[in-house]
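My questions will all concern the structure given below.
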Amino acid sequence: MDKKEKVVLLISCPDRKGIIAKVANFIYSHGGNIEHSDEHTDFETNTFFMRIVWSLHRFKIKPQQIPHKFAPLAKEFSLKWRLHFFPSRPQVAIFVSRQLHCLYDLLLRYEEGQFHCNISLVISNHKDAEKIVKSFGIKFFYFPLGKRNVQDVEKEELALLEEHNIEIVVLARYMRILSSNFIKHFPQRIINIHHSFLPAFAGARPYRQAYLRGVKLIGATSHYVTTEVDSGPIIEQDTVRVSHRDSLADFVRKGKDLEKIVLSRALLWHLERKILVYRNKTVIFD
Amino acid sequence: MDKKEKVVLLISCPDRKGIIAKVANFIYSHGGNIEHSDEHTDFETNTFFMRIVWSLHRFKIKPQQIPHKFAPLAKEFSLKWRLHFFPSRPQVAIFVSRQLHCLYDLLLRYEEGQFHCNISLVISNHKDAEKIVKSFGIKFFYFPLGKRNVQDVEKEELALLEEHNIEIVVLARYMRILSSNFIKHFPQRIINIHHSFLPAFAGARPYRQAYLRGVKLIGATSHYVTTEVDSGPIIEQDTVRVSHRDSLADFVRKGKDLEKIVLSRALLWHLERKILVYRNKTVIFD
Amino acid sequence: MDKKEKVVLLISCPDRKGIIAKVANFIYSHGGNIEHSDEHTDFETNTFFMRIVWSLHRFKIKPQQIPHKFAPLAKEFSLKWRLHFFPSRPQVAIFVSRQLHCLYDLLLRYEEGQFHCNISLVISNHKDAEKIVKSFGIKFFYFPLGKRNVQDVEKEELALLEEHNIEIVVLARYMRILSSNFIKHFPQRIINIHHSFLPAFAGARPYRQAYLRGVKLIGATSHYVTTEVDSGPIIEQDTVRVSHRDSLADFVRKGKDLEKIVLSRALLWHLERKILVYRNKTVIFD
Amino acid sequence: MDKKEKVVLLISCPDRKGIIAKVANFIYSHGGNIEHSDEHTDFETNTFFMRIVWSLHRFKIKPQQIPHKFAPLAKEFSLKWRLHFFPSRPQVAIFVSRQLHCLYDLLLRYEEGQFHCNISLVISNHKDAEKIVKSFGIKFFYFPLGKRNVQDVEKEELALLEEHNIEIVVLARYMRILSSNFIKHFPQRIINIHHSFLPAFAGARPYRQAYLRGVKLIGATSHYVTTEVDSGPIIEQDTVRVSHRDSLADFVRKGKDLEKIVLSRALLWHLERKILVYRNKTVIFD
């Protein structure tokens, strides 16, 4: 094994004595060196969460054998668990409409090497993003809504995503609502940015809503997409101050900076496999 | 006139050429020295707002004559306007229930000299605050709800406020809803602190709501009380970061610090006559 | 005059009765409509500051005549003053080295229309930025340091800036120190971004310094460049939270987002003529 | 053992395979239930840090025997380690001068039950705090500087602290510098609040320094006191926005709110045994 190969194990289960000891022993007894470990217990529901990272260097179990070897322990403690191997580059698709600031921001961070993934393609219902996407050497697909049936369009999009082996979909200010059918193909794998501090100002034109309400801070929220609009598990939020002097255009300008930062954090954490979803909330491991 | 006596003039009107010049001339031509001036124009509705402060030292019009002398100009420009004289100490009443952190905070800031007012009395539906209020030399009135008719209780409270010439009512975590009748006695003169980032989590138990929704920031909002609960003009808001590690008790602890700061800013600005209400929003002058 | 043409007047002077009235009258009596006005008085030094914006639509003095007509009033009150006409597009040059995130950010905001200026050229001591600059249709000039005399290089750069009529120089992570001679050509017209919360961590490798000191927040500062390194008037600052978990690389990643926002705000405010420098500090008008 | 009795183990050591497994096993094999565990590795120096909390309910080793039983493991891994038992109420002394806002804030939080400690006494070089301290039923000791020798005063203070079995000293805006001798009695057990964003504006009158420098944010820093003034390990920092409109008095007013919050967080984390000091930096466990 390459010295830099690692595995991330994410666990949730009913809290019980001995979990940490048993898991840590499993890794240690097979020669693994734990590089990072983080635990959380929800005392309301007595649920235990863990993210543990160890080096595969000199680990005596081959990667493909780990699930098999780990299964008995997982069964003993009724674990829900997932394994991710690093380094890896999951395939990512970005959906965008006409507002391109989040797309640009993601592409620049991608080029800087912040995201360990492959941005394979960008899908849009408009052509505005085409030039810039292609200048980054990324495929661009145009799906105009026009008079076409939404189901048909989504069917083609899903085929495209499957063909490219897409694991994660990022909605970078994508202004169409995805169907339940589409969403079910990517459970906890569609990340949206909503330009308000949810649950305030869900739905359309949140900056306008915020402006009319006279709030003193505006926000942005990244969340996993579920079938209920703007109601999925929140990954990250941030706010910035506004005043009566700020016009609606100022709200939009200030908000864009938030949107970019909040969405990029969400994707970063997702790719680092730091997020567990639980009761429509997220545990974000350090 | 004492060198430190000043007057604050607050104006709103349809925007028109010449307002600033005419108002500034009115002051200058009578020997006033403008110490502070702040303007704002809402271009959506073409409305002009102004707060202007000048020294009464060597001002040739006596304070009580100013309204009369200013009236023609006000009429010419269809001004809505208010005058406030400084220094002055408006009478303030605080309403509180069992959570005392905001009350304590207000009393300490008051003792430090932050607030130019007289905190004349504290009203509560519980006895918890009595000792601390009296230790500051302030009157305490206990109005248990019990089996009494709310209208009767409010009638007595209103009589008490009138008797003490109360101008401003601060709801420092007062957990009862005031009637429309009560509120109409104090238009834009009742300041509430709500322990959420409004309009998110209006109503009861906002920290619990925020905890269940899994937000990543919690907030506090001070606003003027109107007859629609938690919907009045927002004066100030702030937020603080929370994570999955924070229990509901942590939300409450962190939120208390916000509540204290946000409420104290609102009262400070109100007393400095920096707030104009307009279309259920506030203009907060510098 | 075009309906959208405006003039911005920036004033500083010893505080005296009548300034606002006289200036507002000057504008009103010649038919100008004041669109925005903001004042500030520094009571420590008794200095008055003002920024006033009025429409040239129906203003009876021609733009080029305004200085002449305003001169007597300016003399009477010993005003320091500047006039700027809008819309206008001052020529801007960006200097950059190998870190390109601020450059990219400026170019994207520029393309979005946030900055009312012309970014005429980019100068760098490295070639890294060349491709991206040219893709935005902007000229790129490469000035390697190599064995060349700094004075000679700067002489050529100054000639280039003069030739392109450059008014404002933005140092977007430019890692070379400009000579006093260079700086004197652009008084209060060179904007730098320093990647720390100045005055903490001035000089080289501020993230490294911050990391070693174990701070819990990192910052970024935009300021006007003066002959004393990292000591010019601060225009804007912001901070973001870090923890023991953040490596030096994390400091850099988080800091980049700050740098972009802080530098872009500084340029925006400069272009909107909202900044007055006074005693090595800035007044930032609303 | 009472169901609520717990032990906190804090560890630092050179990073090596098996530490987590061995420590977790030690606890598990003796019947302990781990309630919380947090690890950190400093990859620059290859140092491992851990904080692990387990319940003593049904733990088979008696508290006073734990150190003895744990010693072999600690030796094997060259651990630096500390044990703390909960619930416990370490004795705390507060030092204060004339600025009382932090003192008041600590006392109120103490009364609310935020701090698991005993505030045994308050020491001051002024009498201002006497009344309020006594009203909380806490002893007050007055040590005027006058013409007395500092060494003599500190000797008496140290005797008093020893007599009251004081473990932690909080400097709540204490304006005298403690001698090296004094500090050595309380290594990493004296918590100071400095009213600036350190390392900016160390030393005297930080708000004045910040005001003169024209910063756009002010800060507060809590840190452990070391023999070098304002240079000890930083525990917590925060900042708040200021503008040219803020007078020095406004800086002070805004800063006070920061100081209170930042100092209270530091004491809270110290009492929860969440802080490890390492290379003049702090690891703050979750």
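Just so it is clear, A, B, C and D label the chains in written order, and each chain counts residues from 1 on its own.
In the analysis below, contacts are C-beta pairs under 8 Å (C-beta built on N, C-alpha and C of every residue); 3 or more make two chains touch, one makes a residue touch a chain.
What you see is a predicted model; the values in this text were computed from it and never measured.
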Shared interface partners, meaning chains that touch chain C and chain D: A, B
Chain of greatest Cα-centre distance to chain B: A
Approximate Å spacing (C-alpha centroids) for the pair chain B, chain D: 37
Chain centre separation (chain A, chain B; CA means) in Å: 42
For chain A, residues that touch 2 or more chains besides their own: 245, 286
Residues on chain D engaged by chain A in the complex (per definition of touch): 17-18, 20-22, 24-25, 27-29, 31-39, 41, 241, 286
Touch list for chain B against partner chain D, complex: 101, 104, 108, 112, 114, 135, 245, 253, 257, 261, 286
In the complex with chain B, residue positions of chain A that touch it: 40, 43, 197-201, 213-217, 219, 233-239, 243-245, 247, 279-284
